[in-house]
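I have a structure I would like to understand better, so I am pasting it below and will then ask my questions one at a time.
We just call them A, B, C and D in the order they show up, numbering each chain from 1.
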Amino acid sequence: MAPTSGRSALRRFETEGGAWWRTSISDVSPGRIVIRGRRIEDLIREAGFVETLAWAVLGRRLGPVEVRLLEAAMVAGVDHGPRAPSIAAARMAVTCGVTFNSAVATGINLLGDYHGGAAEEAMRLFDRLASDAEADAAGDLAARAREAVREHRAAGRPVPGFGHQLHDRDPRRDPLLALVRSACQAGAVAGRHLRAALAVEEGLRAEVGRDLPMNVDGALAVVLCELGFPPEAAKGVFSLSRGVGIVAHALEELSQGARIKGPCPPDPALVRYEGPEPER
Amino acid sequence: MAPTSGRSALRRFETEGGAWWRTSISDVSPGRIVIRGRRIEDLIREAGFVETLAWAVLGRRLGPVEVRLLEAAMVAGVDHGPRAPSIAAARMAVTCGVTFNSAVATGINLLGDYHGGAAEEAMRLFDRLASDAEADAAGDLAARAREAVREHRAAGRPVPGFGHQLHDRDPRRDPLLALVRSACQAGAVAGRHLRAALAVEEGLRAEVGRDLPMNVDGALAVVLCELGFPPEAAKGVFSLSRGVGIVAHALEELSQGARIKGPCPPDPALVRYEGPEPER
Amino acid sequence: MAPTSGRSALRRFETEGGAWWRTSISDVSPGRIVIRGRRIEDLIREAGFVETLAWAVLGRRLGPVEVRLLEAAMVAGVDHGPRAPSIAAARMAVTCGVTFNSAVATGINLLGDYHGGAAEEAMRLFDRLASDAEADAAGDLAARAREAVREHRAAGRPVPGFGHQLHDRDPRRDPLLALVRSACQAGAVAGRHLRAALAVEEGLRAEVGRDLPMNVDGALAVVLCELGFPPEAAKGVFSLSRGVGIVAHALEELSQGARIKGPCPPDPALVRYEGPEPER
Amino acid sequence: MAPTSGRSALRRFETEGGAWWRTSISDVSPGRIVIRGRRIEDLIREAGFVETLAWAVLGRRLGPVEVRLLEAAMVAGVDHGPRAPSIAAARMAVTCGVTFNSAVATGINLLGDYHGGAAEEAMRLFDRLASDAEADAAGDLAARAREAVREHRAAGRPVPGFGHQLHDRDPRRDPLLALVRSACQAGAVAGRHLRAALAVEEGLRAEVGRDLPMNVDGALAVVLCELGFPPEAAKGVFSLSRGVGIVAHALEELSQGARIKGPCPPDPALVRYEGPEPER
């Protein structure tokens, strides 16, 4: 019933000797900050920022080719200009006079299921296809991928990670996939999810009758899958990636000095009221 | 008067030919994403994530020693355990059933003037001291720093970037400052702000009569000043840094499966009601 | 495919003569603010706050008994103490030094699918049961409700709007349902959704073997259904309701003056690190 | 020094017997929710929503004329159309696929010092003028108000609560001030802050040489001052007021079904890139 999860949390707390917060990530006491068994002093000296992200989330040391892949995928999503809702909202927030972190949070709060969020669903799809293809000795990845495309279309749902509002071919696709291919050749990643994603791309072409190439969400999904991230991590990683553009644009807006800047210019035609007129 | 900023924004819009959003950061059109003059394809291939952050914000290519410094400063702040408000709020948000990015945004929304926000004020202080020392031929940095400490204490304000609630000596101070020193020796940074920060630390010891060493905010401020970031950028950079821990902890909480998890255990003593009792 | 919704928005914009934002809610021009056909001057003079909420959302003037119902349902949810994540997060935000509205937003950002969000799902359930019972000449509401309970239990999902982590009988249930009953007797609402909700409550008792009475989410769902709100409105209305407690607690925390106040006291037992120890 | 506030919070916790959260607002235990001494059952039956807001914040029962005033002030700010950043950001958030409460939080997160936030500063100004006028036997309110206007102008700061980007005369001013005047005549409020605000308006006219009438922030400030709210409450109350429009517009946007809707139409002229061109 409704409160079972809550009650089981309470029960776990009571039976487990009083630890309200349990974590395998960090241990903090006077003079000491340990992250998954490594002292912060050592991380500061040894690890890059993106490596530390993987360490904190996965508890695994990425090799240099893996780090390169993750860096590239996070560079790819940093910015899409002031017409992206995340960027625009952060710029608007700055003109409203909030503390700067709240402007950043405002931008990140917009990175939901649709805006930068398709990577999570794409990861689930690629993961399922990659696993099915292995489980099934006669696994025909192409057929399964095309079937998945058909299912999405039949349900009226977009296939996550393909196509783009603006770009016929997302300029971030090719350089990212080239890096994944290199990493496969170097033996750093297995390439199972890359193959699944390319099979979906091919299936889409066959079903739709024209190219709908992988977009940045799809390519990010490939990278995160190949590195072993869980799908739930995708929105988090993308938040940090787009966070770069959000911070840069928010600072630029701050330097321009506008106050209470709305989303679009004061051209009356841009907002149309379709409700009733007042009687007087 | 009140609306001048707003009106001047409108006027600028009208007189400048209709660009509502003006940016030197990014140019996006079909098939093309350019960030401060570099194509996203090139950034993906050439630049690391932290380099790209500096490129987007400063429009300057950092050298490898500078990148190393910025990486280290961003690694330093990633996590401070579930007792940090930013981490706890993100974990709580996850148990309330929001889209994951909103849990991340919740954590970042807490990184205000006090929580991770002292770096901005510290940057202003270090910058002023470094500039004054140069401007003044007879500039006695030590005397100026001690005077600044006295002013803060007289006004009842903490000296930003020094002392810590938990740590007598913040374990992130020494490795970060060691890297700044190395970067000075390598000629990658000038060291002006490092000297100013150390002078404040010395001034605090003299005024307070005991050590109040630089904390992570202070050390981050030194790094950002030395790299040429404006003070307004500090909360943004720290948001991305702490964002790593926020993402990791939010994922861990999600995997634990609790629902509507409050801040502290259900021990009645931990919340005390001090209002009136109802009459019946 | 993926971007169809985006493309259709663009197409609609282009074919409909350039209105980027279309709204039936408000019309604003110099000297004029009209909300669904009523001037703001008239609303200020004539309408209460909760009436105006219904007017803005539904475009319908509620009668006095309906207003009373909505007021009561919004009073019911205002506060659940500092152990509620929404309240605690707002209090924590205040101690972190953000602009006050951001502390309010932090609290509201936690009112997701589980925390205060069950009303939406409950509305869908009550609405379906009420409609089915009418559609079916031989509609046996009790049987349908019990079947719905069985389905939820079989799927391992809580029945939304019933049971509570803390309260065996939520003290907000009885006074709210009494008001709904009075409104039925006065002919102000039809009572279809009240009957559906009570049937679910009865079905739960029969299936579980003990009482799991309606909680505040369930009672709010009954009121909003009876008044004609769409289920999607539930989280919005609850955000404003709980917003009262969030504002009050955030102000109290501000007056107490703590800085960077974590979620629970500094008792080491309350946070347990379960990761590896550092080697040195 | 820096952590004194934090340390004093810890010390207070330790010496006061272990209450981490202290509140005079609410007391919650199984079967019991008490708000400032009144059971939630009684509030549900007796109190309106806006009354309950005042009760939770002030711990004072407002009389009917006072309730009317607060309702009117909260009605006044509900909406300013999709060109207001708060409304636009919430609508954009909905199209990005977040849980609905996060769209509401996004809108509220924009109500900072400039956007709806001037009421707080106006309250401080009116409060100071009202107190000074009383303290000073020969208190010349008009002279003091004009002096305050001069000070703001000399410092290049807008006088908070006067003038508007769009409206020459804010249509919300007159009906709100008329209600305050009636409340004065009824003896429900003292009118000290109304007089102070009108003196500032007169001082502005004299200094600027044209009318800059009170805006909705200024009128809200008068009402909140007259009712005894502290200035810090202003952003909180306005968040709930504008929350109505945010909820209504977010629901409308949801019903329109657009995905990832940016702030302005895809007219290239509306975003101008001013950075360098790529070399190739």
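By definition in this document, a contact is a pair of C-beta atoms (placed from the backbone, for glycine too) under 8 Å apart; a residue touches a chain by one contact, two chains touch by 3 or more.
What you see is a predicted model; the values in this text were computed from it and never measured.
Engineer: Find out how few touching-chain steps suffice to connect chain B with chain D.
Structural biologist: Minimum number of steps from chain B to chain D: 1.
Engineer: Using C-alpha centres only, name the chain that sits farthest from chain D.
Structural biologist: A
Engineer: I'd like the Å distance between the centres of chain A and chain D, where a centre is the mean of that chain's Cα atoms.
Structural biologist: Chain centres of chain A and chain D, defined by C-alpha means, are spaced 35 Å apart.
Engineer: Averaged over CA atoms, how far is the centre of chain C from the centre of chain D? Could you give it in whole Å?
Structural biologist: About 23 Å separates the centre of chain C from that of chain D.
Engineer: Please work out the Cα centroid separation of chain A and chain C, and write it as a whole number of Å.
Structural biologist: 28
Engineer: What are the residues of chain B that contact at least two other chains?
Structural biologist: In chain B, residues 3, 5-6, 10, 18, 20-27, 29, 39, 81-83, 88, 97-99, 101-102, 105-106, 109-113, 117, 165, 259-261, 263-266, 270-271 touch at least two other chains, as defined above.
Engineer: Applying the document's contact rule, which stretches of chain D touch chain A when the two form their complex?
Structural biologist: 81-86, 88-89, 92-93, 95-99, 102, 105-106, 109-115, 117, 165, 259-266, 270-271
Engineer: Enumerate the contact residues on chain D facing chain C in the complex.
Structural biologist: It comes out as residues 3, 5-6, 8-10, 13, 18, 20-33, 35, 39-41, 43-45, 47-50, 52-53, 56-57, 71-72, 74-76, 78-83, 88, 91, 99-102, 104-106, 108-113, 116-117, 120, 166-169, 171-172, 174-176, 179, 230, 232-233, 235-241, 243-252, 254, 256-261, 264-266.
Engineer: Hey, which residues of chain B end up touching chain D in the complex?
Structural biologist: 1-7, 10, 17-27, 29, 34, 36-39, 42, 59, 97-99, 101-102, 105, 109, 118, 153, 158-165, 204, 208, 212, 215, 263-264, 268-280
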